[in-house]
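Both complexes below contain chain A, partnered by chain B and then by chain C.
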Partner chain A sequence: MTPMMRSYLKYPFGVAAVLLSTLAQAELAHLDDEVLSGVSGQGGIYLSGDVTINEMGGPIQNSYFGACDEPGKKCGARLAYRLKQDGGWFVLDDIRGSFAFEGLTLRVRHIDSGFGGDGALFNRDVVELGLPNVVRYQDVQFKLAASSTARPTDPGFQQTDLLSIEMQGDVTLEGNLLVFPTGNP
Partner chain B sequence: MARITTNFMTSRLARVLPVLCVTLLPGLANAELESLTENELSTVSGAGIGLVLEDFKFAHGTDIDNGQVFKIGGIKSTDGQDVEIVVNQLYIAGAGSNYGETLNPVNLGRLVNPFSIDVVDGNDLGITDKAVLSLAAPTKVAATEGYDCMNTGAVAGSGTCSSRPMTADFAGERPDIGLQMNITVGSNQSSNLNIHAQSAVIDGSYLRLWGDDERNQLAGQFKLNFYSPELSINSCSQDGSTCGSRIRMSDFALELALGNVYQPMFIDVDGAGNFVIEVQAIAKPAAGSIGSDGLRASSDAATWDFYNSYYNNPEFRSNLSIGNFSVGDRDFGSARVEGMLVQYLHIQTQDLAP
Partner chain C sequence: MGVIVNGRYLRTFVLPLWGGICVVPQALAELQSLEDSVMSGISGQTGITLEIGLNATIDQLSYFDDGNGIHLEDFRIASASNPGSGAFHRVAIDIGADASLNLDYLVEDRRIEFGDVRLAGAPGVSMGGMFFDHTLEGFFRLSSGGSLSGAGYTFDTAYTMTGGRLGYRTNGNEVFLDDVTLSVEALGVTMDAIPGGLLFTAPSITGSYNVGAIRYSSNPLNHGNSVDVTTGTDLPSYGSLSGDFDLSGETSIGGGGRSGEGIHIDSQTTINSANFMYVDDGNAFALKGITGNYRFDDLRIDVTTDWQGREALGLTLGALEGGFNVERIELGAAGKSLGSVNMNFLFEDQVVNGVGYTNAIYLQGGGHADAGEQGLRLAAQWSLVPSDFSYTEDGNRVIFSGLQSWGQGDLTVNVTREELISGTEFFDGLRIGFEGIKGGYRINGLRVGDEDAPLQGGTELLLALGFYPAYEFELDGHITLGAGGATGDGITVNSDVVITNGNAALIANPYDEGAGEIVQTGLWVSDLNYDAHLRNMTIDITPDGFAIIKGEAWSTMDIGNLRVGDKADGESFGRFVIQSYETGSTMTITPGGAGAVCAGGTGGDSAACTASGGLWEDRGDEGVTIAMTQILARAVSDTKRNAITWEANRTLDGAGNPLNDTGMKLVLNDIYTSDGGDFDGDGVEDNTFGIQSNISVDVFQTRVVKRDDGADSLGVVGARGDERIMDPTAAEGYRYVSSPTVADIQNRPLGFAVQARAQFRELSINNIDLVHPVGGSQTAIYGVKMQNFDINANLTATPMP
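This part shows the complex of A and B:
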C-alpha cells in the first residue's frame, strides 16, 4: 500500500462523497429551452380570497385619518404618486371595502388549437389566470383626486377630489386571462 | 509530513473558507451588477408581456333589491350642486348583445397579436435615447391580411384591423360595450342616459410613457383608435319601460392622437391640487431659417424638412368620421372631421367646491 493510498483510506467518507457527487453530476444534464418547453407540470393553483382594506379604519389616527365611524375623518387607504419633479400629486384616496372571490385559478396551459385558427399558429405555453366568474364587492369605494402634497398632514395641503366610485354586490367577471412573452427574448 | 500539511490546510481552509466566501461573493456580485445609463437602457429591448382575455365577460350595475350598487360621485355641476351618477349597467361582452340584454363571452386580443406591455427602444419610435414604456392594444396589420374595422361580416384581406368580427362558430375579438346610467343633479329628478357601442375595435391604440429630461416630468403619447359599426345614445324613463328616440351614429371611427414625438403630452398636478394636461407648442423655426416664399430651395433644408414632416405626418393627426347620423327614423347624413393637428393644448381642472 503506497503512502498515498493509505492517506485516502483514512478518509473513506470523503472519497465516497466525492465519488457520489461525481456520479450524481453525471445523471444531471442541462435541459435546453426546446426540451424544457416540453415539460408540463401537473395541476395548478385554485384560490379563494377575501380581501378587506381599511374596514375599521387606518392604522394612523390624527385630524385627517381616523376611525371609520367619525364622519369628519377619512379612514381609507391613500396612494399618492408624482409625475413631475416638485410637482403636485395624483391620489387614489379613501380606498376602502372588501372583495371576496372563489375559484381564481392559476395554471400553465399549452395552446395549439381553437381561437379561430390562432391556436394552431401560436402552439406555445401560456400562464392562464382563470377569473372567478363572480367577485363580491362589499362597500368598495375610492376617490380619484389631485393634491398639492403627498400627505394630508403636510403643510399647504390642498386637494381636489375629481370623482369617487362606490361599488357593492356581485360583479360578473368571467373568462381566462392568458399571459405570455412577446417578441424575441 | 505530508499528512500534517494536509490537515493543516484543511483546518485552515475550513476556518477561512466561510469568511472568504462571505467576503468574495458579494464582491463578485457587485462586480457583476452595474447601473445602466439612460442611454444604455434605451437600447435594451426585452420580451414584452402579451395579454389575451379568453371567453371574457364583465358586467356590473345597480340593482338595489339585490344589494348591487355602482355609483360615481364627487362631481359638481357648474352651479356647485352635487352630481351623482348611478350606473345601472356597465358591460363588456360578446357582439350581438342586443344593447346589453344578452351577455355572451368574447375574446379580447389575439394570440398572434395580443394586448402588450413592453419597454421599447425609444430610438425605434423617434424618441431619442429613451426607454419607453408602451401599453398597446393589438396593432394594425397589412390590408392584405387584416379585417375591415367596421364591417361585422368582414373577411381576411378586407382591412387593416387585426381583431376579427363574430362568426357563426367563433365569438371574435370585437366586444359590445355599454354604459347605462341615471344622472342626478342636486335635488333634480334624475335623467337616464344609455350609451352602447357594438362590435367595438380599438386596434392600433397605445399609450407610451417616458421621462422628459428638460422638464423632469413624465411625458406621454396617447393614440386612441375606436371603431364601431353603431354607437348609440338614448334616454329612458327611470324604470326603463319607455325610451325616447335612439341617436345612432353608424360606422363611427375615432382616431385621436394626443401628443407626438415632437410635442409630448405632459400630465401634472399644480400647486393648488388641480389636474393639468398639456401638449407643448411646437418650437418656432429660427429667424431666417425658412425662406419668405416658404419653399425648400430658399430655406435651411434640415429645418424645412423637419416642419414638412411634422405637418405631413398623418400619425400626428386626429380624425373623426360618422357614416350616418340619425335620430329615430330621421337621417342626417355623414359627418367627417379630418386631419386635426393638436398645436397646443392646456386643460386644467378647477375646483368648484366652496
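This part shows the complex of A and C:
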C-alpha cells in the first residue's frame, strides 16, 4: 500500500472518505473501460441533463422578490443561516443560473485490482460517482451577504452585500469520485 | 368427501369455476319437493313450468375432509327485499327432440346468504358472513356428448343478473357490491369423466358486468341496504366498476387433497380479450385491451392445518404460470393513456436465503384479535420465481427483468368501524391487517426493447416512483380502506404500518449475471425500522387523474446502517434517522409525460430550441406526470416532526455490531415549510404552498457517450465521445459511432427522461445540533432559511451496460 493510500484509509474523520481520482493520479491511476471490465457488478445509471435555478424568478412576489424583469426586485433564491443565537445571518442571495452535464454515472462496485497494485490491498466496495467530462455553467450567479434578519421582509432588515460571484463557461471534471465508509459506523 | 346438512349426509358434486362466473345450473341446486299447492302452479304447454316461492333455511351446512370440518352457519335462501318471504322462482323444463334438457328460468329478488363460517377445530372465532342478492333470468341446456366421448355432457347457458348485491359482513359492519348487473353466455361447455375426476372444457365464455357502487355500512341495522335505514341517506361508496370479458379454457376437478381427502384442481384459462374500469364520480381508471393466459397446476383444497398447526381451509398450489398484457392504462376524463404493461410470471416452490417457500393460503376465522369474533385470517405463503414485468409508452419498452418475490405471514380482513377496542384503534372501512409477514422482492436488472436484450443496471430508477429495486422486510400493521373520497365516491385511507429488520437497496447490482445466483451488492438501507402512519388520506379520480390528499402523515425511518456492498455485512456509513410530519400534502397522478421538450435550451418550438443550443424532443402522448405539494409541518412532538439525524462512531458490542445512541450525532431538527408570513391574520404563519414538485416521466431515447478510449466493460471498442447506438446485429446489441447518422440517432438507447420542477417559498431548519453521547447536545447552526426557490431540471437516466 502506498503512503497516500494508507493516509486515505486512516482518515481521522472516519465515516466517509472521498477519493477523487484525478487528484491522486500517482496512486489512483485513471481507469479506462477495459480495466473496469474486470470489476464485478454492472448495475448503475448514466445521467445527463440540465438544471436551472430561478430562470424567470421564484414563487414569492413581495417588496423584495419578484420576476426577473421587474426593476428593483430580486428574482433569485436566497439562503440564510446563523451561527449564533440571536445573531446576524450569513446569506447567499439572488442565486440564479443553469448548468448542464452529460455522462454523470452512479453505481456501486468492488475494487480489488488496479490503482498501481493498491486496489488488491484496498479490496472493498465503493459508491462510484463517475464525473461528467464537462459541466457547462450559464449565467450562474449569487451574492454573499450579511443580514440582520433571515427574511428580507422582516422588520429592521438590513443587509450588507459582500461580494458577487458569476460563473460562465465549461468546467472539466474528469475521473471518478469514490465514496466509502471508514471507522466505526 | 361429503357434506352434512342439518345432520344428514348428502353426496356432493362440484361445478367448474372460471372466475366464478360459470355457475351454470343455478336452478338445480334449489329444486325442492313440491307440495300439492305448488304443483297447482305448473302448466304443461311445452314441458313443465315450475313456480316456487322459496324460503329455505339451514342451520348448518358442513364439509368434512379427513375428519376435519368446516361449517356454513345460518344458511338461508329467501327474498332479498322481504327476508320473511320466499324468493320467486319460475323454471320451464322442456325435453328437446335431441333428448336435451332445456331449462328457462327466472329468479326474482333472491338472497342467498350464510351468517358465518366456522372451522370445527377453531372454537370462538369465525370468518364472517356473506350475502348474495340477485334477480336472474336465463336458460340452461344439457345434452349428451362431451369433448372426449359421447358419454360426456354438453352445457349451453346464458343468463342476465340484475339488481345484484354481493356483501361481506363481520361484527355488524359490511362492505358490498351494490346494483350489480352481469350478463354471461357460455355455449358448448363440456363435461367428461377422466381418470380421477371430471374435465370441463369451455370454448367460449363471454360477458359483461357493471357494479353500480361498492358500499360500506357501520350500522348493524343495515343488511344489504343501499341506504342507511336509520338516516335514510345513501351509504358511502368506494366507486363503481364495469367491464367485459371473453374467456376460454378447461378445468379438471378430482378428489384428493394435499394429504388424504380433499379436492384437486388443474385449470388453464385464456383471456381472449377483457376490459376493466373503475369509476369515481364519473371519472375512470381503465385497463383496456387485456389479453393473456394463466394455468393452475395442482391446486389442492383441504380442511387442514397451516404451518403453525392452526385449523384452516387450505388452498395449496403446485404452480401458477401465465402472462398478462394491458394495452392501454387510461386515466381521467379524456381517456389519456399512461402506457401499457405486460407481465410474465411463474409462482412455484423455491428456496431463498436457505428458506423454502411455496404458494398457499390457509383461510381461518377471527381476523384481528381485538376486532371481534368475526373476521378472516389468511395465513399465506408466496413464491414468485424470477419473472418479467415491462412498461411500454409511445412504443418504447423497458423490462424489469428477474422480478422475484417470496414471503409468508398472516393477512387479516375485517370490516370495522371507528372505535377503540382493547387499546387498538379501528377506523371505518375494510381493514387489511398484516401480522408477522416476512418477505421480500428483488429485481435482477433492466432489459430495453425485448426479453433477449442484454441485462443492464438501472433498477434504481424505480426510486423515483417510490420503489426500491430490492427489499426484504418484516411487516406488521394495517391499511383500512374507507368509502368516500374528498368529494363523493372515492377511498379514504387510514394506516399504521411497522417494518422491522428491513433491508432495502438504493442502488442494486444484479443477483444473477448469467452464471447462477450471486450475492447482490449495492447501496443498502440496512437494519431498517420504519414506523409510518396515515390519517384520512383520500384518493379520488378527477378529470385529470388520481388525486391524493394526505390528511395527516408521520413516520420515522430508522436506518441502522447505510451499507455499501453486501446488505448484511457491507461497511456502514452509520445510522440515519429520517422523521417526517406532513399535514394536508397532496399528490396528483396524470397520464401523459413531458410531451414536447426543449432539453438544454429554451424555446417553444424546434427552431427556437435549436437556436438556443437545446435539443427539441417530442416525448409523445403517453407517460406519467406526478404533481406533489408537500406541506412540512412544524414539530409538535418527538415523533411528529421533520428531522434528519446522522449518527456515527458508535460503540460496538461484543459481536461487532454498533450500539445505537452511543455515537456522535448530527441533527437537522424541525425542518418545515412556510409561506413566509401570517397573511390570513390568524396568528399562525401560513403554510399552504409547501414544496411543489412536478415530475414528468417518459421512456425515451437519449444520447449516451463513451467516457474513455478503448473497450468498455462488455468489450465493445470505441473512442471517448463516441455515441452508443443500439444495433441488434452487433454482438453486444450496440456499437459506438463517432458521427451518428440520422438513422443511427433513431436507434439511441432508451432510458427514462424526467422533466422536473420544484418550488418552495420557504424551507427552514430550526436548528442543527451536534450531540455527544455523554456531553449532550450543542447547537451548531441556529436556523437555516431558504426562500424563493424554483428549480427546473431536464434529466435523462439510462441504464449502464
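What to note about this one:
The working rule: the second predicted complex is superposed on the first by the 138 of 185 C-alpha atoms of A that agree within 3 Å, B and C clash if a C-alpha of one lies under 4 Å from a C-alpha of the other, contacts with A are read in each partner's own complex, and residues count from 1 in each chain.
Basically, a residue touches a chain if its C-beta (ideal position, glycine included) is under 8 Å from a C-beta of that chain, and two chains touch if they have at least 3 such contacts.
Note that the structure is a prediction, hence the values are computed from the model and not measured.
By the touch criterion defined above, A:Arg107 reaches chain C but does not reach chain B. Comparing chain B with chain C, more residues of chain A are touched by C. By the touch criterion defined above, A:Pro181 reaches both chain B and chain C. In the overlay built on the shared chain, the residue A:Leu173 is in contact with chain B alone; chain C does not reach it. Of the two partner chains placed by the overlay, only chain B lies in contact with A:Ser164; chain C stays clear of it.
Look at A:Gly87: by the touch rule set out above, it reaches both chain B and chain C. When both complexes are overlaid on chain A, the residue A:Ser147 reaches chain B alone and has no touch with chain C. Of the two partner chains, chain B is the only one touched by A:Leu121; chain C is not.
Residues 82-87, 89, 126, 179-185 of chain A lie in contact with chain B in one complex and with chain C in the other.
Of all the residues in chain C, the ones that touch chain A in their complex are 445, 455-461, 507-510, 513, 518, 521-523, 561, 564-566, 570-575, 599-600, 602, 648-652, 658, 663, 676-677, 689, 692, 702-715, 720, 751, 754, 759-761, 779-801.
Remark: chain B residues 2-3, 6, 45-60, 63, 66-75, 103, 105, 107, 110-112, 114, 116, 118, 164, 167, 170, 172, 215-218, 266-275, 349, 351, 353 touch chain A in the complex. The residues of chain A lying in touch with chain C in their complex are 14-16, 32-34, 36-37, 39-60, 62, 65, 76-87, 89, 100, 102-103, 105-108, 110, 124-127, 130, 133, 150-151, 153, 179-185. For chain A in complex with chain B, the touching residues are 3, 7, 82-90, 111, 115-116, 118-119, 121-122, 126, 131, 143, 145-148, 158-185.
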